[in-house]
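Note that the chains take the letters A, B, C and D in the order they are written out, and that residue 1 is the start of every chain.
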Amino acid sequence: MKKMWRRKIDPGLGEEFSSLNKRLLNKNGTFNIVKRGIEPRLYDIYQYLSNVSLERLALFILGFYLLINLVFGVLYLLCGVENLHGADPNLPPFLNAFFFSVQTFTTVGYGVLSPHGMAMNFIVTLESLLGWVGFAIITGVVFSRFSKPNVRILYSNNALITPVDGGHVLQFRLANKRNNMLMEMEAKVLLMVQDVTYERNYYHLKLEQASQHFFPLSWTIEHRIDKDSPLYNVTPAQLREQRAEVLVLIKGYDEAFGHHINSRFSYRYDELLWGARFKRAYDTDESGEVVFNLLKLHETEQVEGEPAT
Amino acid sequence: MKKMWRRKIDPGLGEEFSSLNKRLLNKNGTFNIVKRGIEPRLYDIYQYLSNVSLERLALFILGFYLLINLVFGVLYLLCGVENLHGADPNLPPFLNAFFFSVQTFTTVGYGVLSPHGMAMNFIVTLESLLGWVGFAIITGVVFSRFSKPNVRILYSNNALITPVDGGHVLQFRLANKRNNMLMEMEAKVLLMVQDVTYERNYYHLKLEQASQHFFPLSWTIEHRIDKDSPLYNVTPAQLREQRAEVLVLIKGYDEAFGHHINSRFSYRYDELLWGARFKRAYDTDESGEVVFNLLKLHETEQVEGEPAT
Amino acid sequence: MKKMWRRKIDPGLGEEFSSLNKRLLNKNGTFNIVKRGIEPRLYDIYQYLSNVSLERLALFILGFYLLINLVFGVLYLLCGVENLHGADPNLPPFLNAFFFSVQTFTTVGYGVLSPHGMAMNFIVTLESLLGWVGFAIITGVVFSRFSKPNVRILYSNNALITPVDGGHVLQFRLANKRNNMLMEMEAKVLLMVQDVTYERNYYHLKLEQASQHFFPLSWTIEHRIDKDSPLYNVTPAQLREQRAEVLVLIKGYDEAFGHHINSRFSYRYDELLWGARFKRAYDTDESGEVVFNLLKLHETEQVEGEPAT
Amino acid sequence: MKKMWRRKIDPGLGEEFSSLNKRLLNKNGTFNIVKRGIEPRLYDIYQYLSNVSLERLALFILGFYLLINLVFGVLYLLCGVENLHGADPNLPPFLNAFFFSVQTFTTVGYGVLSPHGMAMNFIVTLESLLGWVGFAIITGVVFSRFSKPNVRILYSNNALITPVDGGHVLQFRLANKRNNMLMEMEAKVLLMVQDVTYERNYYHLKLEQASQHFFPLSWTIEHRIDKDSPLYNVTPAQLREQRAEVLVLIKGYDEAFGHHINSRFSYRYDELLWGARFKRAYDTDESGEVVFNLLKLHETEQVEGEPAT
């Protein structure tokens, strides 16, 4: 609280820490911050299912399905085997009850296995309702997975310090990994450096072209390192010492789904290439078609007469 | 209408009342205003179901399911017991009809119980359509519950009047109770005071930092009580007399779902702590990870030499 | 095209017509414009179903359901009655086929009626797929009806020309007919008049308070008729002659669903009340609760000494 | 990289190519750019299904359904025919297994065909789960098709260079092909020309009215070709030589669904009509109703005394 009225830039990531070894922004766009004291809620399970990999979602559904049928299988057993008509005498009673539960929960209901007596029928009443509601939930999860913005931006592995016209630019490039139409892209770039007292400082880096209407090709984002730049006359060793990190914030609009999208990335001091430049990643083929190759996004070459990192 | 051309701030909450005992803004973000003359609509039932607690939704679905089966059970009875083939003679006829309805509505249809004759079959035709449509509605309700913005902001229990640099600030802090990524947070703070004629007046409180890009930690919102502030030289007793209330309006953006979110809160005169300050709520652990504890959000300490409330 | 470079306001509703008897904007917010040459598309059926009244939607679903079962009933008949096992000899063959279709389409499948032979089984294969897909479509329609913005704004029956401070204001008021939370309301008001050559002219009317943060009470929108107003010194007779129409455009934000909402309304020359003012529509009850009565929204009283319309 | 610090307009479509025969923007709004190196993902199949024609979607669903039943039909056969009770001896064993799979996957489950033994019942357990999940996916695809913005803008076939007041305007017009309410339309128009070194240059064309509140009629977008226009004193031959293309970007808001919508179009040098003007596309009928005919949108007439293209 000692410096109350200063107007420092803090994007909300905190300024004072007792030690810092880790990078601020992970490669997948999350922050290195752990939150304690959150009470779990059903909604969070739902959100978890909306975000896990498809493999895990499939496993979860399968596990839930088996569990439900196990539980109801046991319940049907407890009602007495004699109340489950049509049971196969060659199968153990539990398996008969389990398969009957499957046929009830999924509402297949062949009828070869059928419930008898009041208790059995009440459990059937409950389980078929559960099947109904469970299905509504799965439909919701499946749909919600697909109706969310799904953005996959590819960033070049390195940011470059490239000599241009006697000066230098900090530059990196990015491309849409998917074939959908992204529009109205905007970029914001921050430099984070940290002093000996573990205090973090954030600086905006001014960009040559901070927005772009369409995004079918790669987009090279450039910051000119002139006298107003916090990177002016800074050496690789200094950036290392300050554990510098370049934070990249991208916004845009997914036309097909009408979503606004966000993406984050960061380049740490050891991911900057000094004296390199990008190779062009697109060209025209014989038929006149413009071909852009995502795999070439990372390709750089050393500029002659420049010291490498 | 006497003061037509004045340009007073009214956020839409009214200015003239005959008496006011209650707080303006409840702790859950709703207003203390009752609306009369609303015609109920089916849509409102739907919206109600999208907003009630999960327990109530479950009860509602269960009740609706039992009711439907009760009604159709009676209808099947009216068609004559002899038209329900396969009925269990050990069960009362109504229960047979009820369980047949369950098997029809959920489309389990074992077939042990089966309809006979034209009337019975027409009711089956109707009920299975109803099951179909009812299921579509439940799916809609379930999905809509989860596709809506779900925001849970934790506000510090008190707003503080903290001495800083010889002056004072009004401050409070907030954090995201969930683990999702909120972005582009904006805050607006209003002071409402009320004079002896029960007229309400609203004032904007200027904030030190009214927006924040990310929100993984807590956010301390500060209003400097300088000469331009409506709180300048105001005493606790005066605020009590005027039934002062600080209204907090928060906006943001839920990245994963692409929703804009809103949150409201208020601090009444008796929820202000004079001469206190917040303790820091986050720190780094041994591994260098930043740990933020939600439970510490409310923690304050008295500033030495300052009078308490 | 004679007046190309003028900068007239046209909100997109056209300027030149050969005759005009009807109002420009209907009371439900649609325009009196008919579009020809639209090719119908399946998507439009879907959108129609998302917008019709619930009664019509129910009728449509019922009709569609009966039609499907009629068609498949006939198809099953064509396969030969002998291939429908378990048919009730007391019912006409078509009814047996119809009920079998119902049990297949809804996937109830009791099994008392069952298909036999290749043709029959292939039709069953088709119909149960259709039931599957049809159900997905109904679920989509139901959900889409509820996930769309649903805004019901109540406008006062009349706009008033009210004497204030020696001058006049044009005013009307509006309220949210539902109990949901609308926020960040904005209003735009246009005056449309039309001259003898059937050319329409549009004027913006400047508002005293063109936006409002919350909307739990009524909102009175006022335009001061000063020297800059197109209504300055205009008489009721002149407005009638010019077939004047006041167009009201409201925007806002539905907090619970995260939708932006729009509403339109218009007051024609014969819906203006001269010399009247609104009565207050809200008050506090004994418990201190603010009570707002929607039914009082239209209540006005004549101002003494002012000529009525 | 030779011209680093210039501030050229690039909407993100690239500037340097080795040859260019094709138009930049296709008539359906996509770009003539091919992206290589994209790894396919399940999500992309989903998005593909959300965008293909309805005929293809129907074919896909049918094919998927048949494939699933073929695979499970084979699996059931492998369990041994004797474990499929109730099989029709007049049908080949595979068909019995196939129809049993249909009845299981769609959960019709008549029960005439029924599983026997552990292996058979486990496959049934799996298939009915698959039917459940498959159905959730289809529901998601169907709903997502309809919940996406669906915008169909009709553009006039030609852009016109029309003589007005001694000068010229570039103009074209557009209309909403559907009956839904589009609002808050905005237009941006770029001119792309390309020099002998295959470098593309982009220019903004200033519009007379770049936005329009409503869109029930046609909207004529005009650019005045004055001294500041890049089209000033340019001849048809020059535009042909530079392979000029006028890029049109439209934004708006679909009121009913609360979506923001986008549309793109382009006019190439050979789609400009010199010396022509548009005929009016709307009029009032006898009842005073305004009638707008989409089919008249393209109608133009040559201006007297002007040279045609």
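Of note:
The rule we apply is simple: a residue touches a chain if its C-beta (ideal position, glycine included) is under 8 Å from a C-beta of that chain, and two chains touch if they have at least 3 such contacts.
Just so it is clear, the model here is predicted, and its values are computed rather than measured.
Chains compared, chain A against chain D: the Cα-based superposition rotates one onto the other by 90 degrees, nearest 5.
For chain pairs A-C and A-B, the one joined by more C-beta pairs in contact is A-B. Two copies of one sequence, chain B and chain C, touch each other mainly through non-matching residues, since under half of the numbers at the interface are common to both. The greatest centre-to-centre distance from chain D, using averaged C-alpha positions, is reached by B. Taking each chain's centre as the average of its CA atoms, chain A and chain B sit 27 Å apart. Chain A and chain C have Cα centroids separated by 38 Å. Chain A has residues 103, 107-111, 135, 139, 143, 147 in contact with two or more other chains.
On the chain B side of its complex with chain A, the touching residues are 54, 61-62, 65, 69, 88, 90-91, 95, 99, 102-103, 106-112, 135, 138-139, 141-143, 146-147, 150, 162, 164-165, 169, 177-181, 183, 185, 208-209, 212-217, 219, 222, 224, 253, 255-258, 277, 280, 282-284, 287-296. Within the complex formed with chain B, the chain A residues making contact are 1, 4-5, 10-14, 16-22, 30-39, 42-44, 46-47, 50-51, 85, 103-104, 107-111, 113-118, 121, 124-125, 128-129, 131-133, 135-137, 139-140, 143-144, 147-149, 249, 259-262.
Residues 107, 109-111, 139 of chain B are the ones that touch chain D when the two sit in their complex.
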